[in-house]
Amino acid sequence: MAVSVCRIAHFNAAHRLFNPTFSDHENERVFGKCSNPNYHGHNYKLEVWVKGTIDPVTGYVIDLKVLKELIETEIEDRFDHKNLNLDTTEFKNLIPTAENICVVCWQLLRDKLDSGLILTVRLYETERNVVEYSGD
Amino acid sequence: MAVSVCRIAHFNAAHRLFNPTFSDHENERVFGKCSNPNYHGHNYKLEVWVKGTIDPVTGYVIDLKVLKELIETEIEDRFDHKNLNLDTTEFKNLIPTAENICVVCWQLLRDKLDSGLILTVRLYETERNVVEYSGD
Amino acid sequence: MAVSVCRIAHFNAAHRLFNPTFSDHENERVFGKCSNPNYHGHNYKLEVWVKGTIDPVTGYVIDLKVLKELIETEIEDRFDHKNLNLDTTEFKNLIPTAENICVVCWQLLRDKLDSGLILTVRLYETERNVVEYSGD
Amino acid sequence: MAVSVCRIAHFNAAHRLFNPTFSDHENERVFGKCSNPNYHGHNYKLEVWVKGTIDPVTGYVIDLKVLKELIETEIEDRFDHKNLNLDTTEFKNLIPTAENICVVCWQLLRDKLDSGLILTVRLYETERNVVEYSGD
Amino acid sequence: MAVSVCRIAHFNAAHRLFNPTFSDHENERVFGKCSNPNYHGHNYKLEVWVKGTIDPVTGYVIDLKVLKELIETEIEDRFDHKNLNLDTTEFKNLIPTAENICVVCWQLLRDKLDSGLILTVRLYETERNVVEYSGD
Amino acid sequence: MAVSVCRIAHFNAAHRLFNPTFSDHENERVFGKCSNPNYHGHNYKLEVWVKGTIDPVTGYVIDLKVLKELIETEIEDRFDHKNLNLDTTEFKNLIPTAENICVVCWQLLRDKLDSGLILTVRLYETERNVVEYSGD
């Protein structure tokens, strides 16, 4: 009996989209105002979905308190109130698009979860722009 | 042509997480403040997704008025403004975690739906804790 | 590495549910107040999900500005502030249920998207009634 | 001790903005796509706020079940799944802008409420357009 | 220059509406299913608004981290995951309607805030039932 | 007959809280992680409320299309996808707390609105932190 459980978290960060192999003009053409050299920022909302079987002793797939703390340690402590381009190792050589942030969050959490659990991460960059990754 | 339709409903209930085979100390250690002997409660939000083919005569997969009434009869009348531990038969011997509540809602609705329809139930226990079950 | 990205859009439209082969009485019986001959209306909310691989040069699956413009051209310009029954060709001979509107939006967008991208459309007719279609 | 209580309700309606003393061209210039002759529509969300003293016997300012039924009788039965221009007496000679709909809802509820209660009505025409009236 | 700032918090609690001077039948008549003897519960959402002047040295009316901690100490520690009727002193002799809970939260916070600040508390008992109190 | 109308808008920006007359240690003590020298960011949501009388010719207090364009010109073009500390003149010598951003938005809009209209601006910095200013 496979059930999915989800914990929702948030982090607020600055970022800038640009490709260092592009000219300034090319970055402006591809990324528009998202390439502002002085950065802009977002309230990122993260949905972390974990699918597995219910433990009959606890009624839990995973204790959501444990999942909440894992998200705090792996994601919030790393990215909250940070400049993704300047303050993190993950985006030193990776453009911090919503797609890439979502995949990085998935990888950071995947490494810490029991291998029997299936993980999906959904990231809201704004109310109208969303990304999801399941490791496919 | 398989389309999913969803009706959203709510019920407000008290519950307590505890395993009768645990000591008080063990219940406190595993379930924390959720094991408060005097109960606490939630506004549960339920998304009921039904997948099937569109009837060309009506343009419906299922009449959402019918689905709404089914949720009222099977779920809301049973659980709304109730104590899940004390007032229901379903959780007499089953810990009312969000996972188990979601599976029970799925089973109650599954019994009443045409077998050609695929059912998924998503349950929000809080704004940040969610569970989903599809019968896998 | 397959990632899904989503852009959310809105359109406000009038419609009426009725089957021209039904008697007035039959339309009233099947569609209830949704068959009001003078129409009623909704704020439709549309989630357009596109799944594909991340382009390493841009970090994008699809530029969301491009997807936003595609939704404006194909969906909003066609349906926003319109009467779906009277002002559109798509619903001249198709009952504008949420199911059919969702499938039509999927088809309009599918025709314009690269064939390597997987498309899912989710349509909220109200806060509590939702439909989703993935082309299955 | 003056406390405000609020009940939230919804109605879905078609409407059209136009002034019969205007030319078609003038209606188009002033109201834009909102003057589409075939109508468009909205999910209207209504917040009804009632301010008064708490009855120490019940702990209520007003029983929200009573307020809910009053909104159903006075507002929902009148406007839900209707064409505001064609199906109502209130907007036969009054342009159904969000402002005027809000004032009309306030007047309909004001007539039925105890004169000791202060009434405020807030109307959401879309997620981003809102109107409020307090009888000033 | 008077600016209002708001911090939003949550607590999940069980409660029951009943007046001990009423007969069972009278409690049932007045409070309906809210008087279930075994309790039900809610996710309460609390908006705490504080109005005052901006300190030019910090740009703050009040440090929202301080306000957040005050709400945790005064409200969440007291009411979260509790049975309001059984586990609190505040509702031993006061019916825990949304109105009374809102006024009690206001009083608890008012005692701890600088007297130069104006306080308003808004409490959501459900998505559709809300209460507000400003000390009038 | 005084009615309030509201238009909701958004802008995404980077910022940093610090007082240049403070030591680094003092900035860290007062502003915590909000003083990160490399900035962080938010999705700011802005509610612009305008109160006035309904024009009987149009049924409008103010044409919301006009208000929407005013917010775009005065607020979004100035602050969206910007670093508030580095890219704006308004916050060169003013700490960009939510309080100060709200007051600045109010002032920018106040200058462009008819003096007969009353203006209130509400700013959401996150889902849980909100500020409101009415010019008092």
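Each chain gets a letter, A, B, C, D, E and F, in the order it is written, and its residues are counted from 1.
One rule holds in what follows: a contact is a pair of C-beta atoms (placed from the backbone, for glycine too) under 8 Å apart; a residue touches a chain by one contact, two chains touch by 3 or more.
Worth saying up front: this structure is predicted, and the values here are computed from it rather than measured.
Enquirer: What chains, if any, are shared contacts of chain A and chain D?
Expert: Per touch definition, common to chain A and chain D: C, F.
Enquirer: What's the minimum number of touch steps needed to get from chain B to chain E?
Expert: Minimum number of steps from chain B to chain E: 1.
Enquirer: Examine where the copies chain B and chain C touch and state whether the two sides share over half of their residue numbers (same) or under half (different).
Expert: On the two sides of the chain C and chain B interface, the residue numbers are mostly different, under half being shared.
Enquirer: What's the chain with its C-alpha centre farthest out from chain A?
Expert: The chain lying farthest from chain A is D.
Enquirer: Sort out for me whether A-F or A-B is joined by the greater number of C-beta contact pairs.
Expert: A-F
Enquirer: Could you tell me the distance, in whole angstrom, between the mean C-alpha positions of chain D and chain F?
Expert: 29
Enquirer: CA centre of chain B versus CA centre of chain F: separation in Å?
Expert: 41
Enquirer: Mark out which residues of chain C touch at least two other chains, giving numbers and ranges.
Expert: Where chain C meets two or more other chains at a single residue, that happens at 127.
Enquirer: Would you please name all pairs of chains that touch?
Expert: Pairs of chains that touch one another: A-B, A-C, A-F, B-C, B-E, C-D, D-E, D-F, E-F.
Enquirer: Which of the residues in chain B end up touching chain E in this complex?
Expert: 10, 12-15, 33-34, 36, 38-43, 80-83, 86-87, 126-127
Enquirer: In the complex of these two chains, what residues of chain E are touching chain D?
Expert: 17, 19, 30-32, 94-100, 102-103, 127-133, 136
Enquirer: Give every residue of chain E touching chain F within the complex, in rising order.
Expert: The touching residues are 1-9, 47, 49, 54, 57-61, 63-65.
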